[in-house]
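Contents: one structure, followed by commentary.
Just so it is clear, A, B, C, D, E and F label the chains in written order, and each chain counts residues from 1 on its own.
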Amino acid sequence: MTTGDLNDVVRRALAEDVGRGDVTSEATVPTNVRAYARFVAREELVAAGLDAVRVVFEQVGGDEVRFNALVADGEVVPAGGVLAEAEGSARRILTAERVSLNFLMRLSGVATLTRQYVSAVEGTSARITDTRKTTPGLRTLEKAAVRAGGGTNHRSGLDDGVLIKDNHLALAGGVTEAVRRAREAVPHLLKVEVEVEDVSALREALTAGADVVLLDNMAPEQVRGAAAIARAEAPHVVLEVSGGVNLATVRAYAEAGVDLISVGALTHSARSVDVSLDMTPC
Amino acid sequence: MTTGDLNDVVRRALAEDVGRGDVTSEATVPTNVRAYARFVAREELVAAGLDAVRVVFEQVGGDEVRFNALVADGEVVPAGGVLAEAEGSARRILTAERVSLNFLMRLSGVATLTRQYVSAVEGTSARITDTRKTTPGLRTLEKAAVRAGGGTNHRSGLDDGVLIKDNHLALAGGVTEAVRRAREAVPHLLKVEVEVEDVSALREALTAGADVVLLDNMAPEQVRGAAAIARAEAPHVVLEVSGGVNLATVRAYAEAGVDLISVGALTHSARSVDVSLDMTPC
Amino acid sequence: MTTGDLNDVVRRALAEDVGRGDVTSEATVPTNVRAYARFVAREELVAAGLDAVRVVFEQVGGDEVRFNALVADGEVVPAGGVLAEAEGSARRILTAERVSLNFLMRLSGVATLTRQYVSAVEGTSARITDTRKTTPGLRTLEKAAVRAGGGTNHRSGLDDGVLIKDNHLALAGGVTEAVRRAREAVPHLLKVEVEVEDVSALREALTAGADVVLLDNMAPEQVRGAAAIARAEAPHVVLEVSGGVNLATVRAYAEAGVDLISVGALTHSARSVDVSLDMTPC
Amino acid sequence: MTTGDLNDVVRRALAEDVGRGDVTSEATVPTNVRAYARFVAREELVAAGLDAVRVVFEQVGGDEVRFNALVADGEVVPAGGVLAEAEGSARRILTAERVSLNFLMRLSGVATLTRQYVSAVEGTSARITDTRKTTPGLRTLEKAAVRAGGGTNHRSGLDDGVLIKDNHLALAGGVTEAVRRAREAVPHLLKVEVEVEDVSALREALTAGADVVLLDNMAPEQVRGAAAIARAEAPHVVLEVSGGVNLATVRAYAEAGVDLISVGALTHSARSVDVSLDMTPC
Amino acid sequence: MTTGDLNDVVRRALAEDVGRGDVTSEATVPTNVRAYARFVAREELVAAGLDAVRVVFEQVGGDEVRFNALVADGEVVPAGGVLAEAEGSARRILTAERVSLNFLMRLSGVATLTRQYVSAVEGTSARITDTRKTTPGLRTLEKAAVRAGGGTNHRSGLDDGVLIKDNHLALAGGVTEAVRRAREAVPHLLKVEVEVEDVSALREALTAGADVVLLDNMAPEQVRGAAAIARAEAPHVVLEVSGGVNLATVRAYAEAGVDLISVGALTHSARSVDVSLDMTPC
Amino acid sequence: MTTGDLNDVVRRALAEDVGRGDVTSEATVPTNVRAYARFVAREELVAAGLDAVRVVFEQVGGDEVRFNALVADGEVVPAGGVLAEAEGSARRILTAERVSLNFLMRLSGVATLTRQYVSAVEGTSARITDTRKTTPGLRTLEKAAVRAGGGTNHRSGLDDGVLIKDNHLALAGGVTEAVRRAREAVPHLLKVEVEVEDVSALREALTAGADVVLLDNMAPEQVRGAAAIARAEAPHVVLEVSGGVNLATVRAYAEAGVDLISVGALTHSARSVDVSLDMTPC
């Protein structure tokens, strides 16, 4: 994420939270009071979002607060561990508190959940990847959190990858025709992926020349069979699986022989992890 | 939320998802293909976010797609129920699909979780309210989703309400001094709320003239005792509770006699509900 | 006002004044000429707007001009007194001159007029407060100028306070109903103020539970009577007065026993005070 | 002013006044209540700013309010006269009220004051013109208000005209050198105006080839003498006067034989005229 | 290009050209004069940029001008042919004239030059493609102009395709290592292209598993040899050529057996074609 | 050009080129690799655009790259000469490469072509000036490049100069009426230029009081005759010529006795000059 984009995301978050000013802190805490503050994990977590927190303090605190991250994105922090510290104007730290935590708790939540999926498939050749089911406005940060958790990123948006899904197939007249059109029209540096739901469609996709096949909503044993066919017929084709994947089933999918397992829940249903900001006057 | 603000939120969501264009749909679906599409609930849910979906279709579809919401925000939709329909250019509907679902699934998730809390306290005089623990960039939409679920909204941001929390108290020199400063400095149309963690602080807050008291991190039985004291000493003071509240404990808090129960999980940890877009050529 | 907002206000002011460039200064003054400049009061005034001037010089002058405020907002400056000085690139100072003066003369004009009202009520318990009758685009700066002049600020906008005025009452069906609806609907940290024009409406407002009452367009003696009633019946209710207030009448209103006197003229009809920029080569 | 620019000015004015929403109107006035409203002059005035008011209603009211201006900018409206009417959603009209009035009262104030100056010089060949002493952010609207009052506009900013003032002269080494540099450097479609404070500088300016001369801070009789010299020596040169001009002295300056009289007070010290919005349910 | 993006490009172009207003047209042409105008080709050309012209008229003319394109992008227009017509407010058409022509002449210039290259390779299997050597701010429009001229588009930017060039190779330690890293790191929907300047590097690229090879700065006969090697060893690999390509040499490169010929001159050195706007009162 | 405007132009250029990130450099070049890079002229050129390149490196490289221009805008650089150097993060330099070159090659192209025209008229009193036929979005940079090449700038846009062209004349009812209206309506600091195509119109323009006359589409000998008439009748009138001017004819026009020769090709048809970025690890 470019610095400018991150600045914009943080600026909007602060605009909606701070609005015309933090009346409570301005009313109750004198200008010259200084504080030391620590972001403390209240449960074990994988850290993510520390860059966003840094920018929050830059925008709110300017020269009046010194912020220091104590862990890097991707590090495992135990309950009670300290992620970052800030020191300076107490008012500024108070104003920055909530937005900082909102970024940190949500993004670390994504990283923490991703790590669970990645651990579940450890030792297989499958990688965990994200989807476009991200929070509107936070895609780049959430995709970075997925990487922090050990996952990989699927395409960034509709413009940097071709993925022909069920609705496209229905409207384009089937796999063969859809793949043909895609190969003809898209720039020569983009691969063509097509979603299939059974072996017959898989065979059609391979014949049509798909570069990547997404096996959607199949049981692990069906995936195993499909993978065997694909490996035999088109060894260079990449295989992705999606649908029906959760922490209980993900290893079975990984062992079925696919390259990638995409999991929407990484970003659309991760709960926030618990982090608090502890402040003391100084 | 003003129309302009909602337009901006949607514009950014589309910018990050669509980027330079939907290469798959443009490559595989001819310009003149038309489709009929329905947003179908795959589980029971409380609807929210339909205005955002409408704006997504306005921005992506212009005159080429007709969008029609079939339920209002706040309605309960059973599994299999249809929330909205769209008809027109198949390409445009495909391009709008993911961002529409991202808004709808997340915001309906917030409304659905809120409804569970609201149902849990039904029959008591306590109301469920949200917090500032919202997704950066989506506060206004999430607060509307909380209302759709039957909850009420706490302050919008740091500028339209005074809430003196533990960190303020530590830095301001205690409850009495903090409340005094707040009453002196803030505009005369804002009330003063102060957070307390025990009965001694509660008494100090009442004496200092707080308009609202937040009982934080107390067990339900402690809350009951605190409420009795407050009602006796300062009947016009509003009582709010927070901390340790979940679906299992919320009713006990409600029955302890408070006016408001604030729940961060409504917005920071609601999972997305499952909605699909079913398309057919037409 | 946040730094970012002030930067935006100044940027727009410079954009409309400087446009594509200061052709006169670029044509007539060589790049390397340096100057020393002083902002001199040509009449006694209360200073305000110096932060805006500082930002003008930052944006126009960058590293090439050093700006230094010699008084703080709120200080009384006699005729001939110096408010600030700048030293550096003569071209840059010339380019910054007009916009700097436009901010300084207008905002000091607001502060100066406010100070006259505040002085007029000295020794009473009434405070002078502003209104929403501000210059479009400059509200935050003008409200700061009112504070610099010793006044207090009313609500910032329609969203951080409830003030039920005559038009609301006509449309809502009267005081009792309007107050009831407001108490029901608005967040619990906002007070409810209602405007009344006679004693009967005042009594209705007190009974309905208004937190603040605005006595509008009453003569000072009527206000005195209304205040006596309110103090007797509802001692905690705040009393504000507006309408018919000018420098000749304001003290009579203050002595009638109200808490706040709001004066639209502070911002909508203050004349600019006279300030000049005197430059010498150096 | 372009439509886009006016939209931006109004959008910012609404953003600062409405913020997150008009809580009073939303709480007290039901959605379906309709109203008829009239903008009524409470004193005689020259109308200006009606386009801005129209845009306020477009942005706040959308399709829910019909706005209709009953007079054009520049028309004289007697006390009690109606400038415009609006009909539709009562909530929307209430939300638009204050910002509408803020534009209308200020800009009509500028037009009204301008008209007084224009009337004062009626029958002479002098025209009243404005300056760059405008409200930051509102220059284009204020310059239109000056035209509505019968005045003419000086340059729009530093980039569309050359005016060499006292500070330039001090830094450029005198009139002759400054005019020479300006003629050399500026695009061939811009004239060169130079400010002089006595007859000697006037002669130097005429000799140097200035196209326009600004006689600054001279008494009317001095201006008369200077004008005679200029007309004799350089009949095509345009003569402007500034400084010491008020409603009592302006005619004397006009009769001294100048072409233009520039008056900063038109924009920097016009008081708002009194306009009210009268609403009735319908 | 999204409608919003095109609106922005046009808005900026108008902002820099129209600024505060078209003083000439406003001064000389009365408001109510209507005109009929035609965009006439003064030389044979391939049309492009008509959408931009349409948006110029929408933004300048609003409801006051009706614009009608008479040809589509990509059509060949003979000298004297009419590309589009506009009818309505003469002032508005005059204001829109220059910016319209600036878009139309430049973009049609790109399309016209592209068509010459495309014609030169007619009958071969090579396609003409563009590069990232586009005008800052106009990439999307110029890439559309290339398509209008019959060319195809290379990647849109650095983010939707992998092209390892000479500078990357020098810094990454050679072809094999660079391709390996790219395959490992980039999303699975992007292909990997690598630039080579001789046969030895070509063989290394094929072995490393490049999906596309760019033969840079080779003579046509060298390209022919390289293509033969590549087709034999890796028939699925796409071959692109660049460097030393002009209208005199392009056919020799095409006949050497490559798939794509990229030509920077299409966008960085196309001259504007000559188009005039002929207006008549109506 | 203000710093802010240049930052915006560069930001948009980077946004369209870099998008979500430079996947190739990030994949192939390790974070810590450093490089030294030189911008080398591959043909003789006049430098322009170095400020834009500096800003590109500031935005892409931040503190990680040190950029240093070795020549100033306007300097002649021989083939093989070095214009600028950069040292630091290899990744950042790679990301900045293309946009830097796109600015530098185009703007130096404009300066180089301008220099050719300026050289062609050397020794005459005619100056070469640009037109409004600039690239949308790049006007200010291109006008600076014209100055770098030794040319002068015509008006910046429609708002800072009056130029009555053929279409205005047709709609305004002829030269006399158009000039009269312009003198009446436009601010007193703008001159009035009128375009004429024959001697009869020239005489009319002189009589009407035009300040500047543009002789359009006349042969050099016609221009000579027209200039003689103008000099005799109105010695202070400035004479400009346009139409039919190219490198072969420009001197003949200059010797015909005009003050200014405007050349659209300077900006609308300059080809990019060839510059490369040579990088070495360091």
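We adopt the following convention: a contact is a pair of C-beta atoms (placed from the backbone, for glycine too) under 8 Å apart; a residue touches a chain by one contact, two chains touch by 3 or more.
Keep in mind that what you see is a predicted model, and the values were worked out from it rather than measured.
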Required minimum of steps from chain A to chain F, each step between chains that touch: 1
Same or different residue numbers at the chain A/chain C copy interface, by half rule: different
For chain A paired with chain D, centre-to-centre distance based on mean C-alpha positions, whole Å: 54
Chain A and chain E: spacing of chain centres that average the CA atoms, whole Å: 35
Chain F, residues touching no fewer than two other chains: 18-21, 140, 156-157, 159-163, 187, 190
Complex interface listing, chain A residues touching chain D: 19-20
Footprint of chain E on chain B - complex, ascending: 11, 18, 20-21, 59, 62
Chain E partner contacts - residues on chain A that touch it in the complex: 129, 152-156, 159-163, 187-191, 193, 211-212, 238, 240, 259-260
Contact footprint of chain C on chain D as seen in their complex: 9-10, 12-13, 16-29, 33, 35, 90, 94-95, 97-99, 101-103, 105-106, 109, 132-140, 156-165, 167-168, 170-172, 178, 181-182, 184-187, 190, 265, 268-269, 271-272, 277, 279-281
List of chain A residues in touch with chain F within their complex: 1-4, 140, 156-157, 160
